[in-house]
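Chain naming follows the written order as A, B, C and D, and within any one chain the residues start at number 1.
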Amino acid sequence: MNTIGTLLRLTLFGSSHGPGVGCVLDGVPAGLEIDEDDIQREVDLRRPAMSIGTPRAEADQVKVLAGVRDGFTTGAPVVVFIENRDTDSSKYERFRTVPRPGHADLTALNRYGETVDLRGGGQFSGRMTAPVVAAGAIAKVMLSTIGVQIAAYTQRLGRLVDEEERYLKEVRRASRENPVRAADPGLALEMVNEIMAAKEEGDSVGGAIRCLAVGLPMGVGEPFFDSLEGELAKMLFSIPGVKGVEFGSGFRSAEMRGSEHNDQFIVEDGEVRTITNHAGGILGGLSNGMPIDLRVAIKPTASISREQKSVDLERMEDTTIKVEGRHDPCIVPRAVIVVEAATALVLADMCLRGDFIAREHR
Amino acid sequence: MNTIGTLLRLTLFGSSHGPGVGCVLDGVPAGLEIDEDDIQREVDLRRPAMSIGTPRAEADQVKVLAGVRDGFTTGAPVVVFIENRDTDSSKYERFRTVPRPGHADLTALNRYGETVDLRGGGQFSGRMTAPVVAAGAIAKVMLSTIGVQIAAYTQRLGRLVDEEERYLKEVRRASRENPVRAADPGLALEMVNEIMAAKEEGDSVGGAIRCLAVGLPMGVGEPFFDSLEGELAKMLFSIPGVKGVEFGSGFRSAEMRGSEHNDQFIVEDGEVRTITNHAGGILGGLSNGMPIDLRVAIKPTASISREQKSVDLERMEDTTIKVEGRHDPCIVPRAVIVVEAATALVLADMCLRGDFIAREHR
Amino acid sequence: MNTIGTLLRLTLFGSSHGPGVGCVLDGVPAGLEIDEDDIQREVDLRRPAMSIGTPRAEADQVKVLAGVRDGFTTGAPVVVFIENRDTDSSKYERFRTVPRPGHADLTALNRYGETVDLRGGGQFSGRMTAPVVAAGAIAKVMLSTIGVQIAAYTQRLGRLVDEEERYLKEVRRASRENPVRAADPGLALEMVNEIMAAKEEGDSVGGAIRCLAVGLPMGVGEPFFDSLEGELAKMLFSIPGVKGVEFGSGFRSAEMRGSEHNDQFIVEDGEVRTITNHAGGILGGLSNGMPIDLRVAIKPTASISREQKSVDLERMEDTTIKVEGRHDPCIVPRAVIVVEAATALVLADMCLRGDFIAREHR
Amino acid sequence: MNTIGTLLRLTLFGSSHGPGVGCVLDGVPAGLEIDEDDIQREVDLRRPAMSIGTPRAEADQVKVLAGVRDGFTTGAPVVVFIENRDTDSSKYERFRTVPRPGHADLTALNRYGETVDLRGGGQFSGRMTAPVVAAGAIAKVMLSTIGVQIAAYTQRLGRLVDEEERYLKEVRRASRENPVRAADPGLALEMVNEIMAAKEEGDSVGGAIRCLAVGLPMGVGEPFFDSLEGELAKMLFSIPGVKGVEFGSGFRSAEMRGSEHNDQFIVEDGEVRTITNHAGGILGGLSNGMPIDLRVAIKPTASISREQKSVDLERMEDTTIKVEGRHDPCIVPRAVIVVEAATALVLADMCLRGDFIAREHR
């Protein structure tokens, strides 16, 4: 359903072409200083970059409808609303009869029937992630009170991969300076070209996002089912287009030997830490004090302007479709801030659950 | 925590070296025929195979304590208990002072303090998956009433990969006939050798498990956060050792173009299906009628008999540790049935939530 | 927190003197016909009646922001927003120092600290029930699809009690025709006088509301903890001012013998029913096919204009307070529709959980 | 379903005439000292007293299967199991055809069908409360770490009422010294006679239980839906036979004026408290530092040996039934400790949620 979280609970609402999209974030402690400009800045990072993004020009103006007063949280649920303004629904009626490959049209129709709202993807739209980013901005403020920082970047875009080990600070700075959210300026340029090339071919391209979180204390997470990996993965897989989630060495672990994979312990500056971080900062479902290191695979945008095979649901016969309309040839750059937000929301909830962030004013 | 699921709710309990492990499975419809021998057979598939497994010889005798009467479910929660018999806890006290790399010793100690039970991994032990398999056997019966079948196999073991496309029926049959749960007898032999080689070197080896589910109707899953991928991933990441989860083309999607990745629709035998299945049977978080196709990465067993660096927590100084005791050089083969069970439990819950399986006798 | 329900999930937000109040209702099946005027009419029933109510003149204009398109639900969460317009917050600052007896000022301050919003009761305000009524109107539509109807009335107001057995149809009609929501016109007049008398004395008065639901099939409810009584009570106790909830003969059961209390079975028109309904339509936590019959006790409004003892929290010394401002001398009449809505929301959720209402278009 | 609680989560299992009854209590902090004899003593308080109770002679021997080691909690879920030994199921088969008035036979049959277990009431049996008492004993230990104490007593039994104001300490001591759990020895004698009289007439008798909790800090509880009243009521209504729950002046509030009902504040010993406690210790759903004061109505036992009207479900015709077998003429005395346990479980959960009890060892 549209609610997630245990003590920090996010409820999402709206649809791509309705009046707007928004969310309720319940469980935010009272007394937290919230700068609405900061929220807006995060949401702006999700907007499409000129030339490589969709021409849909949404201002994405964030309105805080509740839970914040005079710049501080009151303890009541925080509500964010973002109006939809630049909607063009003219092209979507047809997808009720001829569903787009790679989209939820067919499954949504099957499940919700005639009255389903398919315009712009309805409640399955990537636009639903705009309020997630706004909520994530608040979660980041919660996390900052205990020194936790999060940064993500585009690690792969089609065949281009960033193989370098990266540190949070450089990631944070660099990824905000180029439109593809790459950690390396040179690679960023190549990635832009890759997207442009796909676009020119009427095609789209996928990628992978890596997200780091540092400063998380040891012991965050809950055995057995509410492991940090499990909670993060559940949230991350709700982002439209995500097809894989891995932690630390992830799928490469499958090829490794234990002697290589085990992160051995040392004492450093009076603290126990590990020499490597193949575990991605998580052992037994709990944080181990090392950086959280996760990776998310994003499929190429389903909307492409090439002709594709589809079916006419009324006649039950084969046909073809060309998906015109406004769409991104690559959603990876825009998803970077969403992955950060999703990660922040889960970590903040798990920190509340483990008493690492105080719930109450006292 | 130790409960998962919405309408089919699994609660896990016990620890590796306590009296036993077990679970409560709530929400099982009444009137379902349950053969306890079938449950036992599934649980037996999780037992270590001679020579490639741990020498810990647990009978894993399943006792059904509630919810089944005269071979039929009553509608009350089903309770399963499996006694621990062959426990040897002598070697675990030391890990309170010198935690094992790759294990939850340090994080568990940090979180639960002095009274934590680390014996055999305590509540973080892979042994907790034995009752999951028993519960999964019941979920499979629920799913079979609507024609859903599930089968998993070892697709990768260290450097050995099964690149073939596989179908559920062959997977189901073949994987039960060899100790590594491979879908191909020839590859099975090589995998056994790979494990033996690691064992001889005092080392361990990782792998990947692929799981298929066929017969699932279109529309199973819940937008936004309770997507099929999200719910499956959360459950799968609770299995100790899992470091990655992907669906369909998964991380390979990141390298693909949309024109390649999109599964185009055709009409076949009067039904809409897709030509390819890069989506892994899921669109918009809902099943699309194609087989569910997922892959799980398993890290190499953390317990290895080689000397590793660790720390002495009392003196806060570096030291080394050799983890003696009884352990598997590779848990992948034993995890195959666990992945099946986890998948079955989530699918059965989601089928209840979507009214695809009737909750009530009526 | 601010979310309740399992398959029909209500999330409430806003505060008495912020921009507005609203809710997200998730889990409403697609394809349901929703007349926004009907919702507005229900919400209007909650507005204060001239002369016996508060002078705060809120239009309570309901805006549906999502989930309904062209008069039908889409399957996405339904969002309702009601602006606050007639707020006068001038008098509330003082309650931070001198809390009002019977209000949540002191507990809210203690819990949320300085930044809490106490204006008009903040998130503890009875105004939070306006969106509950709107959501309840949708739940009633869901229930009407299976023939369930709900009606409540003021059964007691101060010392005035309606001792008559009442039937749903008369209750439904009569209670909407007088400002105190009484089932009997003569008694209604006396009740108005009772309220006017209290008001003139600068005082307030309590009461009790009885709610009936007919047409509920047998078997709705979940053993053990999610009993129909338990789920209803949890929801009903969230209504500000409720101090007691009972079912059937309720507290009178304590004085009864089993031979008197047991509802004996008979066959009538080919159906099993009970001769009496001391159980209030619920046996073993499940509906038994008889009308649901519950009663809710409402305390007298805490805001009275008489002088009361309170404390000065800054000086920690005794003082007195007179609560000026705009308030109802009796909230019972306005709470009647809220009790109906709360009951409808729970019954609709429980009907979804038990497959009595279809979740999906199929 | 059979799980309740957010951070302290109770899962109940078993049935009256199966192998036994038990529970899983998840979320108990590690390092808590647990004396199994204390648990046993609490469970023993639920056993029927000679002469006024059922002749079913269950030893109710509590076995702790997990979560406690060497007398301390480990942080893993605590599991309790109580074997059923003295079961006599011979008389229950008949109730499949002729359901007992006041019991769940008919609703259970309707919901679960042929394979339902009706023996002894199955999963609807009062016997399910035995593990609740065991879990409550652990919750009491949790609460005692922050100075919270709980005690309940039989305040009403049929027409006999205890009108005295009572204090926790006397209640705790006195109620354990007589078989009816009355707070007054003289009244206890009368209550025994009342039960004996009902028994001799082949009848049963109801009553009311009052429960007090002192020492709870201000601010426990969650707005809006997870109010202290709501959470307590949901738990209390799961106890078989409960028909009403009220807090403070409860249903008497309905007859009161605000000037009488409002609890006015004073400063006493440097603390803010109220002169009266009509609110029952709760304002705005949060504890206000005064004693929690609640009352529960219990219906007379449904099993009576008098002839009652029922129906033959096979022939669908009227018939009569005399419920022979072993049952209590009054369950109120046995329910007293259950009400204490239920209250303790909710308060402990809410204290965890509000950070009043530490979740973690640190």
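Please note the rule applied: a residue touches a chain if its C-beta (ideal position, glycine included) is under 8 Å from a C-beta of that chain, and two chains touch if they have at least 3 such contacts.
Keep in mind it's a predicted model, so treat the numbers as computed, not measured.
Undergrad: Listed by label, which chains are in contact with chain C and with chain D?
TA: A, B
Undergrad: Determine, using the mean of C-alpha atoms as each chain's centre, which chain is farthest from chain A.
TA: Farthest from chain A by mean C-alpha position: D.
Undergrad: Averaged over CA atoms, how far is the centre of chain A from the centre of chain D? Could you give it in whole Å?
TA: Each chain's C-alpha centroid was found; their separation is 46 Å.
Undergrad: If you average the CA atoms of chain A and of chain C, how far apart do the two points sit, in angstrom?
TA: From the centre of chain A to the centre of chain C is 38 Å.
Undergrad: Once you find the CA centre of chain A and the CA centre of chain B, what distance in Å lies between them?
TA: Centre separation, chain A to chain B: 26 Å.
Undergrad: Mind pulling the residue numbers of chain D that touch at least two other chains?
TA: 1-3, 12, 76, 108, 111, 123, 219, 223, 354, 360, 362, in rising order.
Undergrad: Please give the residue numbers of chain D that touch chain A in the complex, ascending.
TA: It is residues 6-7, 76, 219, 223, 353-355, 358-360, 362 of chain D that touch chain A.
Undergrad: Sort out for me which residues of chain C touch chain D in the complex.
TA: 1-4, 10, 12, 99, 101-104, 106-108, 110-111, 123-124, 128, 156-159, 198, 201-208, 218-219, 222-227, 229-231, 233-238, 240, 242-267, 270, 272, 274-275, 278-280, 283-288, 297-304, 306, 308-311, 313, 316-318, 354
Undergrad: In the complex formed with chain D, which residues of chain B make contact?
TA: 1-3, 9, 11-15, 18-20, 22, 24, 26-27, 30-31, 65-67, 69-70, 72-77, 79, 81, 108, 111-117, 122-123, 360-362
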